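Structures follow.
Consider the two complexes below, in which chain A is the common component and chain B and chain C are the respective partners.
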Partner chain A sequence: MDPVQSGARPPLGLRLYVAGDTPGARRAIESRERLLDACGNRLDIEVIDILARPDAAEAAGILATPTLADEAIQPPRRLIGDFSNIAQVLDFFGLRKEDTPS
Partner chain B sequence: MTPGSSHARDTVAETVAPHASAPDFSRSSFRLLIESSADGVLVVNLVGDVLYANPAAAEIFGKPLDVLLHVPLGRPVVSGDTAEITVHRQGGKPAQVEMRVVDIHWDGRQALLASLRDISVRRAEDERLRQSQKMEAVGRLAAGIVHDINNLLAVVTSGLRLLEKEIDRDPASPKINQLIEGMLERAQNGGALTQQLLAFSRRQPLSPEAVDLNQRISALTQMLERTLGRGVETRCVLDPALSPIHIDANQLDVAILNLAVNARDAMAGKGTLIIETSNATEDAETDSGSFVRVSIRDTGCGMSEDVLAQVFEPFFTTKGENEGTGLGLSQVYGFISQSGGHVRIDSAVGEGTAVHLLLPKKAKTEI
Partner chain C sequence: MTTAEEIVDPVLERVKTGIEAFDDLVMGGLPRGRTTIVGGTPGSGKTVFATQFLAHGITDLDEPGVFVTFEEPSADIEVNMASFGWDIRGWQNAKKLAFVDASPRDQDELVVGEFDLAGLLARILHAVQGIGAKRIVLDSLTQLFHHFVADQNAIRRELLRVASALKREGLTVLMTAERNSEYGDISRHRIEEFVADNVVILRNALDRERRRRTIEVLKMRGSRHVEGEVPITLVSGEGMVAVPLSSLRLEQQSSTKRVTSGNAELDRMTSGGFFRDSVTLVSGATGTGKTLLVTNFLAGGAAAGERALLIGYEESRGQLFRNAKSWGVDFEALEAEGRLKVVCLYPEAQSLPDHLLMIRELVEEFKPDRLAIDSLSALERIAPETGFREFLISLTSFIKKHEIAGLCTATDKSLVGGQSVSEQHISTLTDSIILLRYIQQAQFMHRGLMVLKMRGSEHDKQIRRFTIDGDGMHLGDAFEGSPDIFSDSVLPGPATA
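This part shows the complex of A and B:
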């Protein structure tokens, strides 16, 4: 990744809501790693365990986990379920893998 | 159901239940089906807003239907067939939910139909099942121990008959004492067996002691001969230079008895049982200098590779309901491994079987 170009845009900040250490949560955290690998510094994903921070989930109106959310926009854009299809996830959040800032 | 969605329902009907296979499937019965389905059904647009929810879905989310509609839930995604999600309900227990997703058209637009199955109950049932399986295992183990104790009783009974004859023949015979000693040892073995039941719930520590293996085997075989029946010839080939070993003597007797009974069963009452001891020499896998070997050979039916692959599993048996418990070889394996030894089996169908026990000369320090 070209540091000058990526510095031109602030990274997209997503939140990953999980609940404890379920198989689903583990898969989601693995997917998070892969997403970060694919995007370098264009992407930032904060993990929120709603068992540890129930208030955060309630404030955001999270009904189910794992949820991956872009809360910088209104209404927030969210995915729920299994995020292992990286391309699909990047697409949803407007971060195509081959996307190069112009 | 929102007004104006009847055409969309129609589309769902086409997606989910083609008319070809259900010619009389009317819209209202389809609606009834969805509304009364035990699975939660959600229709969500591509942005993730809920467009339709059936009562079961409302129940899973613990929210009234009208609240659930237009909630920004998120776009459901799965990889493969399903995804497992956790649904959080205010003041309630979270539900484990299996989610499936299919693409549909809803009001002329692309949308997603997510079907949700609450598997929390199934999970709890799995847990209960595991528990009852363990109880069943305890029961079967008890049955197995009863079976093994019966073996021992048969040995003691035939020993007593021998004793009776010997006393008749010559009341001063030195064999009398030997027989009594032998039977006392069998009674101890019985005690050791009941300890196995306890060991199932809490691991019973073994108590290794210095054992003269050859002497132990001689004492056992004397008792065995009657038990195995007239058709079975028992031969011992014992290495006089055998090193002493440290092992739990009771469990070792039980193990050899288990192997001898297996040999008898395999030979259907006719054949030769050979028990052989030696200082282990060549064995690449183990540090052979520190083991002695006991081999129990029979001229029985042998085992297929398929059987061989499973013999150490508890409860694996090829014998009938009242003949086999499948606990013999699992005792042997469990005990020998716990003692720091190894078990090897050579066997082929029609060629007999040899079970080799490699027993450590020094006791394993922490067991």
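This part shows the complex of A and C:
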């Protein structure tokens, strides 16, 4: 997940906190793929497995998983639970679903 | 049914909370590896109790602890608990204490669909493993329910998962939960029903315009405990202190050693003085000579080479010293010799449990051989009846346990005869009762003294006339006729006898 993608605008960087390989985590990662497909290079989502990196969860103050978070803004925005409704997720983070620029 | 996990250790190992009298209530401490819910209304001392549980492990037993806070940020807890003398920052630096700060943060959060609390659990376990914690506090669960207000069932399920994970780690868990009222449901959201092995209730009830803090053990799975509410108080520099009800142990041995009452005649009436570990009540109307008897008692002890402590609730030091001097006893000199310590304060200065604690501290510090309290009636007015009875029980058992000869006074409300409430309470608790009464005989008012009761000893049953002068008390002859010292005090004149 190196954020060394090229692009005119810097992409929106989100973090996806999951806990190990659970059905919920798998669903969240599937949704992540769909979100990335929908937005192309406007969006970047880093996956953080808190079982491997509990200190990252501590620093961010994560209670629930899965959590999708925009921590670049103050206060941070967090979406918890189900991210399968792509339009709703993009709306929550201030991205409008559009056709990916070709 | 013979699998290993079915075998329950018959004796649960105990984890001391650091609140001594509470540990006694639960037979030595909270069972190791179990979960205890501490419920209470806001301001009842849940966080103090929880922090003390960790503090005691850290400072006295080398058991590191984790504090998971859902309510106050860790920085606030650090500041709030500093007044109890707990160096939270120092413990963190020494890796004896770790915080998991799950207090509400400034964030935009939206919950859609299913989730779990694996994030929280991972953070907790990370903290636990980081310092090798043996104890853990979650304060308070109610806040967690508020955080995920739309998903109560998910929180229940997840909380159960967290609780069992902590149990697997062998941690002794203390969770706090809020209650809506002092006498109602154990906690909001009925948390205790699904996670707790043990339930403890803290109360901060308003009783006749006075706050009365108590602690009660409601349930201890697989273990005995003492039932009922026990008074507690919060002491700066110490934390929570439970005031033990002595009825727990009636194990004081009775000594047969006598000590002087400070009055040779009274010693004769009591067949040789008071017992070493007994409590004597002197009851009488105002001006009958109670404080004089106290003064004699203290001076007699000092003369016998003992140390005496006087707690005065009615008169100032100046008054007490002046009175003593008028009866030929120099308190000032006795204090200078270290034979006497006089402490005077208003009953209203503190709550009853605090008074008891103060007396205990003074006794432990000064180590007196005898202790006088003048008067109990003054204390009675600051407390509800039940509180006063508890106070008396604790006090008398404490006096006996330390093998101190105790003398307490009680003031009758009426000048002649009668009974004060403290008399009713204390008369069964004290070993001896001495009554001082005004007795009218013809046109004269006399003072009469009677030893009403003396446990384990013969005593003079006469009602003796006495006078007070510059040398103190002088017991004279018995009254002729039959004065009724319990109600009216009119005697027929001696001529008719």
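The working rule: the second predicted complex is superposed on the first by the 90 of 102 C-alpha atoms of A that agree within 3 Å, B and C clash if a C-alpha of one lies under 4 Å from a C-alpha of the other, contacts with A are read in each partner's own complex, and residues count from 1 in each chain.
FYI, contacts are C-beta pairs under 8 Å (C-beta built on N, C-alpha and C of every residue); 3 or more make two chains touch, one makes a residue touch a chain.
No experiment lies behind these values; they were computed from the predicted model shown.
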Superposition on chain A - do chain B and chain C clash or fit: clash
Which of chain B and chain C A:75 touches, first, second, both or neither: both
Touching partner for A:55 - first (chain B), second (chain C), both, neither: second
Contacts of A:33 with chain B and chain C, given as first, second, both or neither: neither
Partner chain(s) touched by A:24 [first = chain B, second = chain C, both, neither]: both
Chain B versus chain C as contact partner of A:88, first or second or both or neither: both
Partner chain in contact with A:65 - chain B first, chain C second, else both or neither: both
Single chain B stretch clashing with chain C - from 2-10, 110-118, 272-280 or 326-334: 110-118
Chain A residues contacted in one complex by chain B, in the other by chain C: 19, 22, 24, 50, 57, 61-67, 75-85, 88, 92
In the complex, chain C residues that touch chain A: 100-102, 105-123, 125-127, 144, 147-148
Residue ranges of chain A touching chain B (in the complex, touch as defined): 19, 22-24, 50, 57, 61-69, 75-85, 88-89, 92
Residue ranges of chain B in contact with chain A within the complex: 47-48, 61, 71-80, 83-88, 94, 96-97, 99, 101
Sites on chain A touched by chain C in the complex: 17, 19-20, 22, 24, 50-51, 54-55, 57-58, 61-67, 74-85, 88, 92
